[in-house]
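Have a look at these structures, which come just after this line.
You will see two complexes here that share subunit A, one where it goes with subunit B and one where it goes with subunit C.
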Partner chain A sequence: MDAVDVSKSRDLDKLLLRHGNLVDPGFSPGPDLRDDIREYVKILVVGAGGLGCELLKDLALSGFRNLDVIDMDRIEVTNLNRQFLFRLEDVGKPKAEVAAKRVMERVSGVEIVPHFSRIEDKEIEFYNDFNIIALGLDSIEARKYINGVACGFLEYNDDDTPKSQTIKPMVDGGTEGFKGHARVIMPGVTPCFECTIWLFPPQVKFPLCTLAETPRNAAHCIEYAHLIKWDEVHKGKSFDPDVPEHMQWVYDEAIRRAELFGIPGVTYSLTQGVVKNIIPAIASTNAIISSACALETLKIVSGCSKTLTNYLAYNGGEGLYTKVTDFPRVNDCLVCGPGILIELDTSVTLSKFIEMLEEHPKLLLSKASVIHGNGNLYMQAPPVLEEMLRGNLSKPLYDLMGRVQKDTIHVSGTSLLNEQKQSFSTKLRVLFKGADGVADMDTAIGA
Partner chain B sequence: MIGLFKVKEKQREQAQNATRGGASVKKQSAGELRLHKDISELNLPSSCTISFPNGKDDLMNFEVSIKPDDGYYQNGTFVFTFQVSPVYPHEAPKVKCKTKVYHPNIDLEGNVCLNILREDWKPVLNINTVIYGLFHLFTEPNSEDPLNHDAAAVLRDNPKLFETNVRRAMTGGYVGQTFFPRCI
Partner chain C sequence: MRSLSIHGKITEPAKSKNQRTGIKWKDNLTKQENSRTVRDSHYLIEQPSDSEWNICKHLAGIRKGFSLSLSFSRNTHLFSLCCDSLLSLADANHCKIPMERLEQEPTMAEPKKTKYDRQLRIWGELGQAALETASICLLNCGPTGSEALKNLVLGGIGSITIVDGSKVEIGDLGNNFMVDEKSVGQSKAKCVCGFLQELNDAVKANFIEENPDTFILNDPFFFSQFTLVVATQLVEDSMVKLDRICREANVMLVFARSYGLTGFVRISVKEHTAIESKPDHFLDDIRLNNPWPELKSFVETIDLNVAEPPAAHKHIPYIVILIKVAEEWAQTHNSNLPTTREEKNEFKALVKSKMVSMDEDNYREAIEASFKVFAPRGISQYTQDIINDSCADVGPNSSEFWIMVAALKEFISNEGGGEVPLEGAIPDMTSSTEHYINLQKIYHSKAEADFVAMEQRVKNILAKVGQDPSSISKSTIKSFCKNARKLKVCRYRMIEDEFRSPSVAALHKCLDDEEYRIAIGFYILLRAADRFSATYKKFPGQFDDGLMDHDVAQLKTTALNLLSEMGCDGYLLQEELYNEMCRFGAAEVHVVAAFIGGITSQEVIKLLTKQFVPMQGTYIFNGIDHKSQCLTL
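Right, the complex of A and B next:
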């Protein structure tokens, strides 16, 4: 049994049982490390598509035993060329469930819990159960969501350094055709998604009047059918790209439009591509990017090598080009930044708090609007909202924030920092003096 | 980080029900925070008003009504719905005109042809710029970017007739085969 075990993890053992020159300072090689990785590390794989299938397989084969996978989609025929865990008879079944089952069948000892669910439908605490979150996603929206959740766990020390036990590392892969990226996000240490949101190019959008009046190519005809003609014919019924009849209707209309203007090139697959914004996926790009992500995960956990700092770009389009860039953090990032620490008495009202911001040397913020996870607390404008929120001004901030000892809050307004009037928005870490952190329902505090 | 993970796992086993110091309520997304700032800094002309049908905590969906004080559309009231996506300001808000209007750049389904809503959107733009852009469409309707082909042709070829058509539409009536409800 022992001999089999050793041979199965032979390659891994070379990394985990021996010292090296490029290792992380905290690296302590040995069989205990290998066993601890199996026992203690819990990883969430977000997405069970092209990248997710590869990631699950790679992580399982890298010695991780406790994996969860979450995906809201069902398997489609067009997935089968690259999402290699799925078979023809799986079409229509949830991706997460089939992927988990297939990897468990092939890799002994691994336990994979599938979640057939939207990421937004899970409780925030669900995500806190994992040591690392590995992302195999295809949308900015989903990435931003997970990034917000992971950065939400981050807490800072009084000297603005991140508390290491609250860092929730993320490893993110992304591919588009022959291009891809892999990156390591240590909230509070390396840039988060919001710090580098400009890395994602804006979507190309055609002017509506071009679509309506002067279509010049096949995509224009498809977008005309999708954005203009659909609404005209289907009063009030919204278009669903996942309903084949809807897609067929758009395709038929686009063909008609193309014939009218003598434009070639409208096909059903182009219609899907334009409407769903699909870029052809290349199996090998997914494999390369996922393997980089799995390796980074292993490095973060074990310290067997320094981790990628912090963004790897890969381009296999013409020849092969790859480069690692050390992007800087945005120090006042609203999502991962430390914000400014403010200590308050539990009796401070919202209006007093807003006054204090004006005098705070790091803020000099006048006309502040305030928002907290519990809701919109105060806005200076427009009058309709100001009126709705005015009642909050006389309430203690402690109550408005749900009577917790500390939490973050966001404020925006006009700042006079650097002797210049400027529109300013920042995160604050509010700490209440004398609060024990337990909400006490019996104690009423008068406003 | 394995050492940290081990410590955490042991802590979790020991204190399953311990109360956390920090709150773990859902936090606003970066898009919502940016929108909160945009809206709190709105500086609208008196001819524009904004309303929030879902109340003070849903800023992502709102309505703006514009009452031009000049030009062809003077004294009409035109309501636009705004739908802001969680990836705002990476993506422009989705804007539709709820009021049926005879206008070269707005079609009968409420689609609006305004460059900054589509091809020329930039994250540095904001809700204020979009509202001013919409306002501008009423003071300067433009026959070169037509969405309503017929209205554009009339504006280009016969501005007097265009003016009459706009009046007829705004007071409630037919222009050609199309009925426009009163909005004045």
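Right, the complex of A and C next:
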């Protein structure tokens, strides 16, 4: 290690090289710790938006040198009031690529690999490559997906305690206006995103009859134009909020409807806000939440202080208010729990099993793909794979799983839980009746 | 002579009628552009009054002595606001509106609006204008100060001036994103300034390579040119001196400091008043417990037993249902409304009994909203405290805010009949469009009438205290009326007073409270560290010289002395904190600096926009378990 490097971490060294009192029991300070963080720790930043830009900068200046960032979006003008790694001339370029480049330009030694891609398009194993996943997202769906993936790596011991080496920690941030949250998710130990899904209130949706018959405010007029009138007029052509002409059309229609009913307040800005469900966002809140997430990342990796247990709520609108809540885990959580126990006869075929998933009240999973260990038993797509594996459908699952009495498998597909269609993946614990040693089966966690 | 010109460009749908009634303006140019009517108009007003000038200055983001040009694009709000102020300006100055056409292009261009879209949705055009007219001075541009400024520059702050006398060292590269390897050896202020300018070319970015203490000690007038000073990483002695200077010069001041895993943010202004405090949850102002005659007579026109058409019964808005049921209740209960839990349940049952089928959302909403009938009449304690504040006894130097509070006080005991001016908006509820719009009109016209009464009182009071009777604009008074229940007054002790005589009761409370233990520990230790450094010319544990144990012991002694001085004899701090504080060695860790800087910029925004509510007391960051606290001492 040369002298330049040592003094560059002048401030960080105080935390990493010195003994402390309020630290993790496993904390072992010293130059080795600092160097290991540089060399061996890999972190994935999901999202290169308001939070992601800050996270990359914060992590790069917290001694991490191996970072990846994934984001499918391109830079827009409306990003520039907070996403400080982007300039006007970057508009239209992939966020992940520009963000990675800018941070590498300024922080020497850091290596950031950008992925201009949907998170769903990466192999699951891609995510297993990282020590920690840091989430800077603004959608619940994307959080659910990553949460499912990270929790999917979790394995349990026979006594239902999580195997510590399979825990894939996540830090998650979210903001809206002057408010935000930062949280630490240790799958199997602290609640996962799904355990506390109620923290995200359902989106406000107007009843269609209100829109169609008794509009009362500007938003009703806008949603009428957007959800009803558009389809009436543009048969078969789907509405695209990113096409300015489409937005203009909705705005004009909304104005017309507002005038018809004598309702004030329809503006272009409101039209965009309602149709795109725009969440107001500012630089300062993103900075606050991201830095809290990055600090927790550093603490998880190094043990240089206690970790947040486990949810920090922040509200800067009325005064300044922060609150830490230790939310409990949901023990039979479908995502981070040990998995639903399914008892099967050894004769049950894979296709019969897939049918059963559809009827299982806690799954309602249709079009399931099934993975056991590192091998695919059946995949719905791509077609090549489907064809290759089709032959498995008629074989007994017991045989396909290597004739063991009890094992874990992963299934994914479309679930109708909570009366809405959503892609869903989970792990299941399969127990074969009539196989050896069935007497000790665990019935406590039955479905 | 100063003059003011406003350039208006309105685009609106071709079929829409001119809805801007009451605004007299001449179309100098009308042409068809992409099937939309484009109007260009220009108003020139000579000799605007101070307050009108201020509004327009705010709107345009310029300083006195310059001409002003504004454009409006699809923004009727800003337009009507501006016209509003122009009209009253014209009234007051006997100006003719409009005067002549302006050839030049509008300045507030569309891309800028798009760029700031996500924040305009939070603080609006006026908030944005306030930011764009502000000039900020930053003292010390380590990561804490740099990050705070970064967030402000992105948001389009008017100008920044960075004061820092240090050169970039290699160590700075590890905690400050605004400097890089090429910066080593150069002025830190210059490098940070250069990077920030890159983020937003609309911001005027300046730097002065000078130690802040030079100005604090030798040139206090330096600070009076700024709207607000952000002072980072100052020690106690400099804080006290700067605080005196800024109070004297009426310049807002925010202190910020990062120190290992702790740090603080502290606002210091004599008084901050906010009209638009924008609370998250606030009971709507629909007066179900105290309906006025027009509302009552509208309610009388609707029959709850309506049978035709079949949908009519389930489209009666809950406002009507509840006022009717409340009247029915009052008739059998000596004109009283329900007060006990039993009565409240009976009332809800009475509402329920009016339902004709189970699918009537309006009745379900009425039952849920019946607490609004039970709510006490009149004003809240907080509003009571504001109107009783000694500042509400106004004089020639009173601010707009307090003049309006004085008017509010009169209003409440006269026209208001114990209530503040009506807000004038109603929440969405199940209703036919017709009923809903009629209700909106009734609430709106009551709010208008209240506003007119308030405006008259404001004018009278202004005249009485010898101020220009038209110096407070219509739109300001209107906003005041709309937010009369949500006014906020924040006052901050001088740093010197807090340091010399902190509230002993508050200190004891914090020292005894588990949730505050670490925060109050850090508060004391941050002060103790400054005393330590005054004695030893270094912070505890700052250097790796093998003297950590010595520093821990010294720091502890200093802290205990301090506690004793503060009237907290016998209290101890959490023992582990002494060592932690020495371990921190005054490090400015980037993530902590980004957090503290983030909070700082957020508070600056609230102070400048006068929207939302700034923090009270000293915010102590606790990076160990995040149980950070605001300590009001």
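One rule holds for everything that comes next: the second predicted complex is superposed on the first by the 336 of 447 C-alpha atoms of A that agree within 3 Å, B and C clash if a C-alpha of one lies under 4 Å from a C-alpha of the other, contacts with A are read in each partner's own complex, and residues count from 1 in each chain.
As a convention for this text, contacts are C-beta pairs under 8 Å (C-beta built on N, C-alpha and C of every residue); 3 or more make two chains touch, one makes a residue touch a chain.
As the structure is a prediction and not an experimental result, all values here were calculated from the model.
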item: First (subunit B), second (subunit C), both or neither touched by A:D231; value: first
item: Which superposed partner A:Y40 touches (first subunit B, second subunit C, both, neither); value: first
item: Contacts of A:V335 with subunit B and subunit C, given as first, second, both or neither; value: first
item: First (subunit B), second (subunit C), both or neither touched by A:N277; value: neither
item: Partner chain(s) touched by A:T161 [first = subunit B, second = subunit C, both, neither]; value: neither
item: Which of subunit B and subunit C A:H410 touches, first, second, both or neither; value: first
item: Contacts of A:V384 with subunit B and subunit C, given as first, second, both or neither; value: first
item: Partner chain in contact with A:G317 - subunit B first, subunit C second, else both or neither; value: second
item: Residues of subunit A that lie at the interface with subunit B and also at the interface with subunit C; value: none
item: Partner subunit C, residues of subunit A touching it in the complex; value: 4, 7-15, 18-22, 54, 57-58, 61-62, 77-78, 80-82, 84, 87, 105-108, 177-178, 210, 214-217, 252, 255-256, 259, 261-263, 267-269, 272-273, 278-288, 290-292, 294-295, 298, 305-306, 308-309, 312, 315-320, 322, 324
item: In the complex with subunit B, residue positions of subunit A that touch it; value: 26, 33, 36-37, 40-41, 124-125, 128, 131, 140-141, 144-145, 148, 152-153, 155, 164-165, 169, 194, 197, 200, 202-209, 212-213, 227-228, 231-232, 300-303, 334-335, 369, 371, 373-376, 379-382, 384-385, 388-389, 401-402, 404-408, 410, 412-413, 423, 425, 437-438
item: Subunit C - residues contacting subunit A, complex; value: 13, 15-16, 74-77, 111, 114-122, 147, 150-152, 154-156, 169-171, 173-177, 180-181, 198-199, 260-261, 265, 277-280, 315, 428-433, 436-437, 541, 548, 576-577, 579-580, 583-585, 587-592, 594-595, 597-599, 601-603, 605-606, 612-616, 619, 623-628, 630
item: Residue ranges of subunit B in contact with subunit A within the complex; value: 1-9, 19-34, 36-37, 39-44, 49-52, 55-57, 59, 85-87, 90-92, 105, 107-109, 111-113, 115, 118-119, 121-122, 145-147, 149
